[in-house]
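Scroll down for the structure; my scribbles are underneath it.
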Amino acid sequence: MAGPAQPPRITVKVQQQDFDVGQLQAALLSGAAAEGAVTTFTGYVRRDNESRAVEVLELEHYPGMTEASIEAIALQAATRWPLLAASVVHRVGALSPGDQIVWVGVASTHREAAFSACEFIMDYLKTRAPFWKKEYCEGSEHWVSARRSDSARADRWKQG
Amino acid sequence: MAGPAQPPRITVKVQQQDFDVGQLQAALLSGAAAEGAVTTFTGYVRRDNESRAVEVLELEHYPGMTEASIEAIALQAATRWPLLAASVVHRVGALSPGDQIVWVGVASTHREAAFSACEFIMDYLKTRAPFWKKEYCEGSEHWVSARRSDSARADRWKQG
Amino acid sequence: MLKVLFFARVREQLGCASLDYDWPEGGLDLDALQARLCAERGDSWCEVLGQDNIIRAVNQVVAMDNRVLCDGDEVAFFPPVTGG
Amino acid sequence: MLKVLFFARVREQLGCASLDYDWPEGGLDLDALQARLCAERGDSWCEVLGQDNIIRAVNQVVAMDNRVLCDGDEVAFFPPVTGG
């Protein structure tokens, strides 16, 4: 017998430490075998970014606002799609090529909701969440500038 | 200096044993820090399916055709989106609620390709790959019938 | 000789997972094979193989339409798939 | 008093991560705060805060337009974000 719908379990963490995608995915599950689908996204530091050889990528955030705004976007995703759980981990500090930067996991009964919500949250993280990347390449450093295609991508959700 | 594009690494497995999503994701990476994005999908056996309490889900496949057809669809995905790697593991045999059924992982430089290809491969697995599910519920058993919405979903890729 | 395979509900309804079908003089196409199985094996086979959502594959590729078979081909009959 | 924060390239260009701004008699809105910082801190601040892609947030919410501030508010200036 199905009770009233539970609110989705939302967790957001901004941290320096690395994370274990297997553990994060396990923590997303309720243990009640209600989930039919989990979609995850993991972002990594690429060695080559627009033909520059990246040595170190440094990530800065706005403590407090970053966490709160990601939580707000996850809750918004839960009003658009029937989600059971959503979890976001985003690293800050100095990262190296190959390092994990961000993980987004979404659990739902069906895959359509899991895919759409995961992509929606990622688009937000790329375009609206207050994070900034600085690249260190061959002795010089520079702030990464926003990709225009990312903004266009986030805008398309407004028409949804 | 970028060499000629490498063909994407594609692996497909149909197996009875459970799998470890963390290990599968690690195996998807080349070690060259070329990947910027990995998208994964994990399907689970739900306890309740259309208000039936599922005790056991049995999965049958067409040995040979199943593996070959999944590999073909992963290669097709790689012609539509720039992929670095794609991996599919699908379980067969008797599964219980909460068990993992299927895992699809896709690595790319950018997230758009990773999301689209992962969803594309999953839609194929749901609608075209030769797998059949049989549910055992409260003393009775029956074959799961195809969801019409799944076919409609796969069809939309034809217009892509 | 043809190798003929049946899967899932079709396999259960026929009580048969696979059979070897002697290659007939004059050859055979997919529709003809299906008609012969029906004629030779009786009403219950007719009923099962006559279901309009039956999918047919030749050499592990789904055949949307009728097609000519060759000696040694592998033919499969199965219901709509439900994977993932 | 207002707490004013600067992030990323803006922080580096100003050489300042945060400052406390005394709450003036008669109050203040966001545009006025920006103009005062510019007038009081000199050309280099004018230049940095005058960049047309600067984003402003009040109490950790992005402010698309000018808005009235209250004593105790937290105001932030930062460049376009590049997360994920």
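As written, the chain order gives the labels A, B, C and D, with residue 1 at the start of each chain.
By our rule, contacts are C-beta pairs under 8 Å (C-beta built on N, C-alpha and C of every residue); 3 or more make two chains touch, one makes a residue touch a chain.
Since the model is a prediction, treat every value here as computed from it, not as a measurement.
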Point to revise | Furthest chain, CA centroid comparison against subunit B | key: D
Check your understanding: Using CA atom averages as chain centres, what separation in Å is found between subunit A and subunit B?
Key -> 22
Exercise for review: Express in whole angstrom the distance between the two chain centres, defined as the mean CA positions of subunit A and subunit C.
Suggested key: 48
Practice item. Report the inter-chain centroid distance for subunit A and subunit D in whole angstrom, where each centroid is the mean of the CA atoms. Key: 27
Check your understanding: Touching two or more other chains, which residues of subunit D qualify?
Key -> 84
Point to revise | Sites on subunit A at which at least two other chains make contact | key: 43, 111, 122, 126
Revision key, fill the gap. One finds touching chains in the pairs A-B, A-D, B-C
**Study point:** Touching residues (chain side subunit D, partner subunit A) in the complex
**Key:** 5, 7-9, 57, 60-62, 76, 78-84
Check your understanding: Can you name the residues of subunit A that touch subunit D in the complex?
Key -> 43, 59-62, 64-65, 68-69, 90, 101-102, 122, 125-134, 143-147
Review point. Which bits of subunit A are touching subunit B when the two form their complex?
Key: 2, 20-23, 25, 29, 31-48, 51, 97-98, 109, 111-112, 114-115, 118-119, 122, 126, 153
